[in-house]
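Shared between the two complexes below is chain A, which pairs with chain B and chain C, respectively.
Presenting the complex of A and B:
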């Protein structure tokens, strides 16, 4: 890891006054995806849809009502339902945590290692630096979602071929149509995670303890879920990002109801704006 | 120092923009000033509602259920039936109808066209096929609101028709429902009607005459006991494939024959022998099963393959014990009405005070 740390500023220093953005982004991606923990987490995420798919198939073949998470009864042999269902389970806690871990490494982790100082004095604008860091976090989040979606879909295909793809409304889909719906789900979940990542980056900019970022996101997630369960606070619910997350199964309906999904995307965009502006403020005022 | 100030300014502006955005999302849609519409008399409006054809349209219906029906353990209570998240309706204006009822992440869809009707249940992965001319799911009224919800247009129409004799009907201004201008039609019971309901409001689309919102208000509360409304309506031709259905691979398919309409499996024995006493707002539905309450419970317990709950204990908990010329029974109260269940297996229900129920039982003896 120290080798990469030394490597990152070198191309930047050799550039004239401003380093080309593409090269910065590439360097950040190399830096993020060479971390063993990123790779281990992505590998473990791939196991979730496989194990959920197997347990759904076992529950399906044995008689009796299957008790499980939402969409569980549809998951056996249905790659689309398995992917979207696993995303619906993991978006509640696991995927936000993965995003938070990446955000924690991005700024707080660098300042804990003392490497942020070097980046701050490098001839890269601080907003630009934040942009590069945010890009890294966004890529990790998107990869996490893609890993789950692709393994889930493949597990379904292996288990029962391309015939088992049907929606909650009972319509059978061709592989192309199913992949289209899956792409919508992946994009939608990624945007939600970017919102979590933006807020986590803001926390990350204000502290030099990476642990605090993860704890902050975990606590926020749980708190929002608790507030969302209190009907007396229904006026507050539209402000909670966790409220959008139960809309994900709508992707599996046919025709797809877009109302809740659009609202969730807009809500996530608001969180992204808030998170990035707070993080930007801190980056600009940080002592070099 | 200068850049610090600018940064803080930008951060504040960005954060404020985000919060304002969240606030805008939180604002209820469709809330706007009442639209201006040409005047119309109540009679004319009612008539146009009754005669109008449902246009080709798609819409989303939400149900706000505040009926206060007690939850009955182990039985599909009335409260459970209306306990849905939302329903989506598509119709081509002719035979093609499609209703999707969402409960959590499960969906029940009824798709019908000129030849067949399909019922799809995503939770059980089960499809039921009913040829046309058999059980008409959209019109049959097994006294359950769920079926009425399948076709809110027909349900509201029936109601308006029935209540015209016993009610005062007037047009109370205009409203905007699902972003469409609508007339508010208000039905108030005549003073002679002995009912718990204060008024029923139906918002009628000014253009298509489609009932867009149905609200039932009871005496003494300002919150509606039941509100069924369209949150989204788009009038226009619908794609034909919405009204066709092919059950997916691996689903269980049941076929029903046209000539032998099956009675629903979970029908309560009390559904037999139904009579309606009175008319208008204070009509009471009286059912007799011919069996005592203990025998019914025993039969139901055997049918379910499990020990039935003690009906007496359950009724003691849900309602209060009463006795009179009809014998002994229990009155279960909800926000909109009362239900009287007697020991000898009779049941009387209506949107009326308890006394009217007792009288109705006396009349059917």
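Presenting the complex of A and C:
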């Protein structure tokens, strides 16, 4: 790309210069994680597994272990089940919204603040900028998942010690094996959120109103859930990303059935490719 | 009578030749931008000579910002070309923009970060700064716009003037070959305005080219070496400031007690003149100053003082914009003067047409 001719009078001046990518990524992360909103949201997410664990324990002791959905009763005092269970609840709406919020700030928010053109005239290449933004969104999504997983696991450990790590299938896991399963759950949920983030970035590139991005993801999430519930539309279901999300508790089985989880990952990959392509196409033509 | 930029008479003049000769830091040809059904900018042929301070003058909505945005590659033109430091935009952005500092459409920063943090974020994206230079560059830029003391306050709490200064600081992070400032004095108090002028003068002194847009005439007259006047999306006049100031009717103000007699005798000699307070105003576009005085003295008129009157840029600007380019005062003004004036204004355009 930057073919430098040997005897140019001003080689420095005519060559394309770019700020180092690592520096851009670090600046992006600093910006993302200094934003009060991001920190508040991550803090609130940390409270969810704690409150779910406590309420599950209360329900467990008052109603007896036999009643209620099996996952919910398992979540009382089982760090692995509490983490994965909370992720299974929050992936339905809360985590996609957090991802959408981050995507909204990434492009539409920068555009609204007038900071996007500052980056464009620096210059940061448009596709490069999208890459940096996608990285920031991916980090926020991963952090959100990690915060839930870690606080959930710790809450479980505090409530019943390291012995209660049993699976839906009835086997008991060592801490190492449980952490392995938790890592699978975290990675899988993160990929699902990156798919949401990619689509949200595409919306974000098309608008100057950050709110539209969040509303769009919220509406899409609800619409997909409704469509997924209509058996007459079963031909459409393989295309809905929300269809994957009920597969998460599979992680808690032993041995772990991988079919639904793999399908979900592939579906997410398709969403990521389509979302980033749309966002890239828009970034290239967008007015700065 | 209407000024048209593209049907320019082929009259050479100081305006045209000086622009054609100098290497250009920025150049547009036939630039056109249409937003949906609105033509924002059309037929803009702008020349920014290297080392010049070019003031882009025009009322709000005349296409200044749109032109700047196309020059910086933020917006793609509908038609025509824009080049910046020899690079075609927007394709050459990666090569040209590192050497260009810009403040466009007001300062854009994040309210939850301090001024210094905002500036560090901008600096991180600057290709010409190495990691070790960032801190120093940020501090220098803050000092330069007198914002060092407020640097740790949140941007949210900044006054309009401080925000504007921070925007200026981000344009000055790196020594630039070209600095583009869109309405840099917006929201600044007189002291702030003076500082912006000082910064522009420093940039000029250091050999940088400056493109500054403004709707304030005094601003441009005080800081610029060159002017381009935009009106309704088109460049209606451009050239060196001095030439454009002269391009209005050069007039001579003669104080004399025999004003009416003077006018009569001058008109007898086919010299356009009219009554003015305390004397007569003589149009100099067709005659020389000594000739006027000779005529008056020969007619036996007492002349106390003869003073060359410079037409302010303000009058030029007012004529170009407020009158909608139609000379409604044609009755008061000698026609010949208008023609010469227009020829000079269009000389730059003529030179460009030859180049095509």
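Note that the second predicted complex is superposed on the first by the 264 of 288 C-alpha atoms of A that agree within 3 Å, B and C clash if a C-alpha of one lies under 4 Å from a C-alpha of the other, contacts with A are read in each partner's own complex, and residues count from 1 in each chain.
We take it that a contact is a pair of C-beta atoms (placed from the backbone, for glycine too) under 8 Å apart; a residue touches a chain by one contact, two chains touch by 3 or more.
Because the structure is a prediction, the values reported are computed rather than measured.
Colleague: Mind checking the superposed model to see whether chain B and chain C fit together on chain A or clash?
Modeller: fit
Colleague: So, does A:119 touch the first partner chain B, the second partner chain C, both, or neither?
Modeller: second
Colleague: Under the stated touch criterion, which partner chain does A:239 make contact with: chain B (first), chain C (second), both, or neither?
Modeller: first
Colleague: Using the touch definition from the top, say if A:34 reaches chain B (first), chain C (second), both or neither.
Modeller: A:34 sits against chain C, while chain B stays out of touch.
Colleague: After the superposition on A, what does A:24 contact: first (chain B), second (chain C), both or neither?
Modeller: Second partner only, chain C.
Colleague: Looking at A:285 after the superposition, I want to know if it touches chain B, chain C, both of them or none. Which is it: first, second, both, neither?
Modeller: Both chain B and chain C are touched by A:285.
Colleague: If you take every C-alpha pair with one atom in chain B and one in chain C, what is the shortest distance in Å after superposing?
Modeller: 8
Colleague: Where on chain A do the contacts with chain B and the contacts with chain C coincide?
Modeller: Touching chain B and chain C on chain A: residues 285.
Colleague: Touching residues of chain A toward chain C in the complex: what are they?
Modeller: Residues of chain A touching chain C: 13-20, 23-24, 26-27, 30-31, 34-36, 113-125, 285, 287-288.
Colleague: Which part of chain B faces chain A closely enough to touch in the complex?
Modeller: 3-4, 6-8, 10-11, 13-15, 17-19, 21-23, 25-26, 60, 88, 100, 102, 104-107, 109, 118, 120, 122-125, 127, 231-232, 242, 245-251
Colleague: Okay, in this complex, where on chain A does chain B touch?
Modeller: The touching residues are 70-71, 73-74, 77, 88, 160, 163-164, 166, 168-172, 235, 238-239, 249, 252-253, 255, 257, 259, 263, 266-267, 269-274, 276-278, 280-281, 284-285.
Colleague: Would you mind writing out the residues of chain C in touch with chain A in their complex?
Modeller: Residues of chain C touching chain A: 69, 72-76, 85, 93-95, 97-100, 102, 104-113, 117, 120-122, 124-129, 131, 170, 177.
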